[in-house]
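Sharing a structure below in structure tokens format, with a few things to ask.
Which chain is which? They are A, B, C, D and E, in the order written, and residues in each are numbered from 1.
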Amino acid sequence: MPEQISFPILTAIVFLPIIGALLVTLLSDRRPEWVKLCAILFSVGTGALSLWVLASFKSSNADFQFVSQHDWIKAWGISWHLGVDGISLFLVVLTGVLFPLVILGIDPHHDQKRYFAWLLLLEAGVMGSFLSLDLVLFFLFFEIVLVPMYFLIGGWGYDNRVYAATKFFLFTMFGSAFMLVGIVATAALARHDVGYLTFDLVTLAEHASFATNTGRWLFFSFAIAFAVKVPLFPFHTWLPDAHTQAPTGGSVILAGVMLKLGTYGFLRFGLYLFPEAAVWARPLFLTLATIGIVYGAIAATMQTDLKRLVAYSSVAHLGFIVLGIFAMTSQAITGSVAQMINHGVSTGALFLLVGMIYERRHTREISQLRGIQKVAPIFAAAFTVVMLSSIGVPGLNGFVGEFLVLIGSFQTARWWTIIATTGVILAALYLLWAYQRVFHGEPDEENSTFAELKLREGMVLMVFIGIIGFTGLYPKPMLERIEPSVDKLIEHVVSHSDFMPPAEIMPPAEIMPPEEMELEK
Amino acid sequence: MNLAVIEPTTSWYLVLAAVLFGIGTVGVMVRRNPLVMFMCIELMLNAVNLSFVALSASLSDINGQTAVFFVLVVAAAEVVVGLGIIVSIMRRRSDATADDLSVLKG
Amino acid sequence: MNALFAENLVGPSISWMGISPLLVLLGGVCVLLLLGSIAPRWPKGSYCLFTVVVSLATAMAAMLQWHDVTKNGPKMLIADAVALDHFALLATIAIAISIALVSLITDDYLRREDYDGPEVYALYLTAAIGGVVMASSNDLIVLFLGLETLSLSLYLLAASHRKRAESQEAGLKYFVLGGFSSAFFLYGIALTYGSTGSTNLSKIASALSGDSPFSQIDAMLLVGIGLMLVGLAFKVSAVPFHVWTPDVYEGAPSPVTAFMASAGKIASFAALLRVLVVAFPTRIDDWRPAIWVLAVLTLLAGSILAVVQTNVKRMLAFSSISHAGFLLVGVEAAGHVGDKDALAAVLTYLLLYAVLVIGSFAVVTVVAGKGDSHTTLDDFRGLGKRRPAMALALTVFLLAQAGMPATSGFIAKFGVIKAAAEVQSYSIAIIAMLAAVIAAFLYLRIMVSVWLADSTDDTKLAVPTGAGIAITLAAVFTIVVGVYPGWLLDATRMVSNLATIAVQAVDPATQTPAG
Amino acid sequence: MELFVFVCAAAMVLVGAVGVITRNNPVHAALSLVLTLFGIAVLFVANNAHFLAAVQVIVYAGAIVVLFLFVIMLLGVDQAEDLSTEPLTAQRPLALVVGIGVAGVIIAAIVKSQDALLVRGTGINSATPEDADANIRQLSRSIFSDYVFAFEVTSVLLLIAVVGTVVMSRRQRGQHVEESA
Amino acid sequence: MLENAWLIPALPLAGFIIIFLFGRRLGEPRAGVLATLMTAGSFVVTVGVFFALLSRASEDRHHVVTLFTWLPVGSLHIDMAILIDPLSVTMALFITGIGALIHLYAIGYMHGDPKFSKFFLYLNLFIFSMLMLVLGENLLVTFLGWEGVGACSYFLISFWHTRDSAATAGKKAFVTNRVGDWGVMIAMFMAFSAVGTLSYSGINEAAESGQLAAVTATGIALMLFIGACGKSAQLPLYLWLPDAMEGPTPVSALIHAATMVTSGVFLMTRMNPVLHVSYHWVMTIIAVVGAATALFAATVAVAQTDIKKVLAYSTVSQLGFMFLAIGSGAYVAAIFHMVTHAFFKALLFLGSGAVIHGMHHQQDMRKMGALRKVMPITAMTFIVGWLAIAGVPPFAGFWSKDEILLYVYANNRGLYLVGVVTALLTAYYMTRQVIMVFYGEARWHDQSEEHGAHGDATPHESPWIMLAPLVVLSGLAIGGGLLQLPFSSKTHFLEHWLEPVIESGERNIDGTWASDNKYLLLLVAVVIACLGIAGAIAVYAKKKAPALEPAILANGWMYDSSVSRFMGGPGRAAFSGVARFDAGVVDGAVNGVARVVGSTSNALRKVQTGFVRFYAAILGLGVVVLLAWFLLRGVL
């Protein structure tokens, strides 16, 4: 049973940024420091709430927690249904942490009032997407994030920003077009099984059963939206443009949390609602994910723009996540969820760093940069740590998710995994090559005045690096909160399809850890 | 066949009306003077009226004729309005054809 | 009927209450014209105020009827010529709201363009009468008269800005093509009458059901339906009968365009639904595919054509075509007997779209400036800097038109898509959504001009009071409905199945005595 | 007899109609329209619509066409329209296709359904010497019972016509110079 | 004591953290001293652990210290745990021991470098990672160290990153290692899906109990071998090691001689039960690859002129020897050689470092000569190392090499021949090096002008802080053979010590011809070593014969350059092809759709001609089509 608590904390998490956005809008332009203070207060407040959720989250509980459910559009069976489980918990926390950092750490340079307002609105949208347990509510937030992002890219981006923003907007909307029809069709078709029209995720997933082909069509209508958002090959081309043109804050958020809407959607809506179809479609998505991993990495290698390179690396990293999701083993999906967080942190930090390079040098062209490590060793060190995390060096957070995804996927998707693992090599190739060209060598005249990390920047980066290190070395608290929900999801998939998870191979008894013994009983 | 015995049936009228309607349609498309275009529309309305009356007779139902009555009223009102618009345009440029009024396009 | 010698004619009982919205409107017209001619110079803004009051009174009257209908059920009035049901009343309310909002914009516009006077308002009200008649008609002749009432008013309104050649051209084009299409519509009525023996929608429906002799005459009936469809498709500007729309929308005075796109559309779609759903439920298999094709063409052409436009009014015209496509999706869904959700969805869409489009055109009106001619994308550049609040409102309207959630546009689209999905018309639903994606490009283009492009002149625009109120109201409404649409949906859900009412009406056993 | 009437009237109608669309001079076109209207009126009579025939002549031929002619004279737009050329290529063939298409489709439908239309009922009261206003009475009964609402609506139409003339003819400030020139 | 084993990696880690936080404040030489102390402390702890372990019965010498649960997901349960057993302690001993010496040496070597403290930061991190590698209780902890040393070697090789060659070499090392890591990861996946655990004891027990199918074992073994090839610089992945000489010399000594490169050998030894149950040809492959690498690198080393490149190729060659041993089932011999090699190769590298230091960063042997006069201690220790590697008894290298050859002979005589030739070449090129550097005439005088700024251009002896490690190491290089003397089974100290770990995989050659005639083979080895030395003296000292140094050997059989050319040519073309495909086809499709919509719009737009008559015609056409549909429905 989902437990009800008195204070609707999740609702507060969604609404606090909206209120913040309104307040920021209403504040006068003449007092910029107030505007910024307001934005910081509200984002930090939201972040604090999300941390509170993390703190009071019951780790062994696989159900949705902090559920708040009210009728919203009763006529259509749409409810305000929020809840958090292991799959969404850390995404919420990541969102809560990332936004204050972006607001604190990155200066928009102009129109800061509007910038902060959009950013706060974006936060609300992202939070809402991760928390919604109602299909329409999810769609609402899923779509609404486009608007602030569009304006952030279009208003504070670089030369080709309008093109990129429009492409981003339309491409994503293209995907959601199918999803909306899918959502409505799902509810309409499930009306017979459920007995009434409802868009409630849990109700639909537990009670509705679709004819095989129907389920598959519906699944695909959702899958297109998520595939675009992820983005999965070949729907990825909006991403490099959007990332490259977005302002640093936008890139950080885009990479950090927004891309996860797609992978999260696959888990929460694809697998949960249409287990049979998802199992049926496994080969396709495993293949696309694998292509994405290798392809994104290869494309990244050849980029001349640093931001574009990181963007393509996201394509590859997100491929790992999708691979894990469709491998459908406990390790793989847990790894995917962990990877969502870790990619958010490490790629977010990478974008932050690239943004700092741009601030200083006003170029992102790799060929224009050289020898920065000599003039800014601390900056280079920070970049190195983040880069290694992105490469997936064990002991840093990037490895945890990647490894779990791969080891889990190997159980059910052997050959895909073997190919996907080559992405590990390629990741080292493109990042190190870029690093070499940007940081190594003797700095030329323009680069020799490259400023060292400022205190404010350093503090923001310290948070990132702290998370990178902690999660890499001690991911247990995270994994043990994610796993119960993942296991429950897999159980759901198994019981609603002919999917057979790999037989649990028990290590020889004497070295079996005690927790596992209990599980087996 | 004795021509005197043949009585025009309803469909004769209807066919005639259809032809008249077709002529009116063609007229709207080929005439450039807005006034004449408007006359062609009147032709079309008359074709409809003829159909109404013929069908009314065929159905033994007076309502068809009633409809014609209303059409006449509508036609009258339409003429007033239409001519009003045409006049207000033509007062500016009296040689304006419908083709000249094509500023709005694309 | 055959009482040949019944000299003392007994007219049908007339339910004055039932047609009270019409009476209010008519009274409003008369007062406006009479007083307008008696006292030529009313104080500034009072024509507008009066019209707003009249429209609100109309809405109130409709509300009163609404409760009555809720209590006593729908009924047919005045010899079954007029239907008093939720469908009609909702359309009435929507039209009344449209007039109120449009009047607010018109006020300053008329003074700015220097032809203030009661006539334009009177024409709004007469057009509204036509619209209400169309929406509530249960007889093809009545419907036709309503259509003409509406159309004639609109022709005049379109041409009313006599200093602008575009306005006159728009008026003439609209008039010629409108007359042309009316002829088709009328011909359709004639043929339908010939094949069913009646012009009354209920009677047509019952004549076509069962084994009445009329069910033989199929070809003529179907061609009749087709011709009527042409007339209505013209009014709702469905492709390929949309050709007039961009030119007329562009040329007509901006407030009038808003009126055409709102009240005009509401009435036309209501009429379309009435005709198809009430009269021809037995011929669904024939007209549904036609509507399907029209809907698809309208969606695609409307969206695609908008892409390369540079005049905002023209863009919005194409967008309104695209929206018509969406509405046709709802009409297509309504083709399924017994699905009242589709009717409710279409009406809701109409109401919400009306507010949106008026809001958008209100901004256009303000930006257009004296002469009503600054309506290109370039004229919108830097609006975000010059008038941030208004730019924000415009953004809300545009996003809503694009179907962004948390705005009324989403609720509208969702309802239609839901209706389509419930009758398993998935393909058209998907096409509609994809068309919406294409159409979104045009809204984005406007937003780019408004926010992301540099301003050419930094002079603050003056936002007149009326337009300001209208924009604010529309924006608030858009957001409120988007976030909390429950009340509206509960209301529109009361719309019952038109076909059922029609059958009840001709069945004396179930007919409620009028008056 | 009836055939003769029909043929003659049909000839009037069609000749007039063709005249409308082919006469260069708008005045001639208007006069051709009168011919058609008279033909229609005759056909009305043939279908027992005596009252409508009268109204047709009075309102249409009398009032409407006169209005047309009046406008033509008023505006002095009676110069001939050159119909020998067509600026819009393909417009004429297109018009022909449409005209023939529309008429053809409707005729086809009528032919298909003609069996049901063969019967000519006797329900319509014609104006006879004995009861000269039978048709009028019957018509008025229809208008004032079944169509009373429609009848009322026509009043609004006429109101619009009035307002319309006001709107369209009212001189606007600032327009004097331009127009008097 | 065993419970405190966590201190072994913890101390270098602590050193890393302290230097990370306060490195700049510590400065030179305190950062170096601290790092050295930490490593030395770690060595002390290791020695304590060693004795604690020694005090246990042989079958009890297995202790796991679990620090915390690392990755617990479902049936996958990975602890951050340390495994203390003879193998890991052996590894830890020489890692920390030699590591401490190299740290000490580096204090002197890096004197004056602006990034002095950073160097020790990396060194400590490296030691930590290496210890995690060898002490890991499971494959994943080992992998943590495995990747850690990879990353550290990247940092250290590209330490002087303003030099482009250094930066490139670092990157190359990392990426090449990653290719191997791919194999290790796949091996882990296979092991987990077959056994359900990644812990060594779990996997090895499964292998021993027959639970692990031969085919799976083969897969795991091959994949691990790929990893080992990467880390231990075997063909075809050896590429990075010669380039890695761009790093400071202590790095070469530490990473490329003593520790990191041996981790492949360690891993294969650790997994010997799995190798044992896999198909037989796996061992053959390992042996062949090892032999081929050994011979290949030896031939290349003959023609090198860079003092460190010779040592680098020699390292590759010696590692080949170790893999030859493993492929022959001689794990003890492999470990033995690894240890002795660590001694003498570290010695040689440090010695060469001293030379380079003394020569003001001159690495070209052709510009050296007669250095024994100016740097006698360095020369002495270097000569000890030379004798050890050349296989001259009783130096350490002789015993271990002989042990390997013994097993190889028992296993495959063809490979034995390769081994013998390699040994000959080893003796030859090392002698060549010693002659070129320390004997003959001094060729460095003519360089003095270039070093005018330096003041004193004469090569100088290194400070005591650099020499002390040399002395200690030369002692070890001399006496290292004591670990495992072939004379009787009682002198097989190392074998007895390692027995619990390797008993299932170790090949028993008792009773073979080789075993019976081991003294004969010993004699052959001595003769070979002498031949090699004599040959080199004849060529380079006595100039009796022309030096045979063809360019193809100097260029490493063109292998590196052809790989580079392939990567730069077709490889790069393929990559940029993908990038172009992405921009052109995938993105082009998206933009193409937009363009199609746009041009459709432009085309359709022409329909809106503005002529009302034309509009009427469109309308009419629409009517005709619509009516035709309805008519058809009505007629049919």
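Just so it is clear, a contact is a pair of C-beta atoms (placed from the backbone, for glycine too) under 8 Å apart; a residue touches a chain by one contact, two chains touch by 3 or more.
Just so it is clear, the model here is predicted, and its values are computed rather than measured.
A.B. asks: Within the chain touch network, how many edges lie on the shortest path between subunit B and subunit C?
C.D. replies: Tracing touching chains, the least step count from subunit B to subunit C comes to 1.
A.B. asks: Any chains in contact with both subunit A and subunit B?
C.D. replies: C, E
A.B. asks: Taking each chain's centre as the mean of its C-alpha atoms, give the chain farthest from subunit D.
C.D. replies: E
A.B. asks: Taking every chain's C-alpha mean, which one sits closest to the mean of all protein C-alpha atoms?
C.D. replies: Most central by this criterion: A.
A.B. asks: My parser should flag the chain pair with the most contacts; which pair should that be?
C.D. replies: Going pair by pair, the biggest contact count turns up for B-D.
A.B. asks: Measuring centre to centre with C-alpha atoms, which chain is farthest from subunit B?
C.D. replies: E
A.B. asks: I'd like the Å distance between the centres of subunit A and subunit C, where a centre is the mean of that chain's Cα atoms.
C.D. replies: Roughly 44 Å separates the two chain centres.
A.B. asks: How big is the gap, in whole Å, between where the Cα atoms of subunit A centre and where those of subunit E centre?
C.D. replies: 36
A.B. asks: Could you tell me the distance, in whole angstrom, between the mean C-alpha positions of subunit B and subunit E?
C.D. replies: 96
A.B. asks: Find the geometric centre of each of subunit A and subunit D from their Cα atoms only, then give the gap between the two centres in Å, rounded to an integer.
C.D. replies: Centres of subunit A and subunit D (C-alpha means) sit 70 Å apart.
A.B. asks: Touching at least two other chains at once: which residues of subunit B meet that condition?
C.D. replies: Expected reply: 14, 21, 24-25, 28-32, 37-38, 55, 58-59, 61-63, 66, 70, 74, 77, 81, 84-86, 88, 92, 98-99, 101-106.
A.B. asks: Find every residue in subunit E that makes contact with two or more other chains and list them.
C.D. replies: Correct list: 605, 608-613, 616-617, 620-621, 623, 627, 631, 634-635.
A.B. asks: Which positions in subunit C are in touch with at least two other chains?
C.D. replies: Where subunit C meets two or more other chains at a single residue, that happens at 141, 145, 148, 152, 156, 159, 162, 172-173, 176, 180, 184, 187, 191, 194, 218-223, 246-247, 309, 441.
A.B. asks: Please list, in label order, each pair of chains that touches.
C.D. replies: Taking the chains two at a time, the touching pairs are A-C, A-E, B-C, B-D, B-E, C-D, C-E, D-E.
A.B. asks: For subunit A, which residues count as touching subunit E in their complex?
C.D. replies: Touch residues, subunit A against subunit E: 167, 171, 233-234, 236-238, 295, 298-299, 301-303, 329-331, 334-335, 371, 373-374, 377, 384, 388, 393-395, 399-400, 403-404, 406-408, 410-411, 417-418, 421-422, 424-425, 428-429, 432-433, 435-436, 439-442, 473-476, 479-480, 483, 487, 502, 504-508, 511-513, 515-516.
A.B. asks: Which bits of subunit B are touching subunit C when the two form their complex?
C.D. replies: Per the touch definition, subunit B meets subunit C at residues 14, 21, 24-25, 28, 34, 37-38, 41, 44-45, 47-48, 51-52, 55, 58-59, 61-64, 66-67, 70-71, 74, 77-78, 81-82, 84-86, 88-89, 92, 98, 101-106.
A.B. asks: Name, in rising order, each residue of subunit E that touches subunit B in their complex.
C.D. replies: It is residues 605, 608-613, 616-617, 620 of subunit E that touch subunit B.
A.B. asks: Can you list the subunit E residues touching subunit D in their complex?
C.D. replies: 609, 611, 613-614, 617, 620-621, 623-624, 627-628, 631, 634-635
A.B. asks: So in the complex, which bits of subunit D are touching subunit C?
C.D. replies: 105-106, 108-110, 112-113, 115-117, 123, 125, 140-141, 144-150, 153-154, 156-157, 159-161, 163-164, 166-168, 170, 172-175
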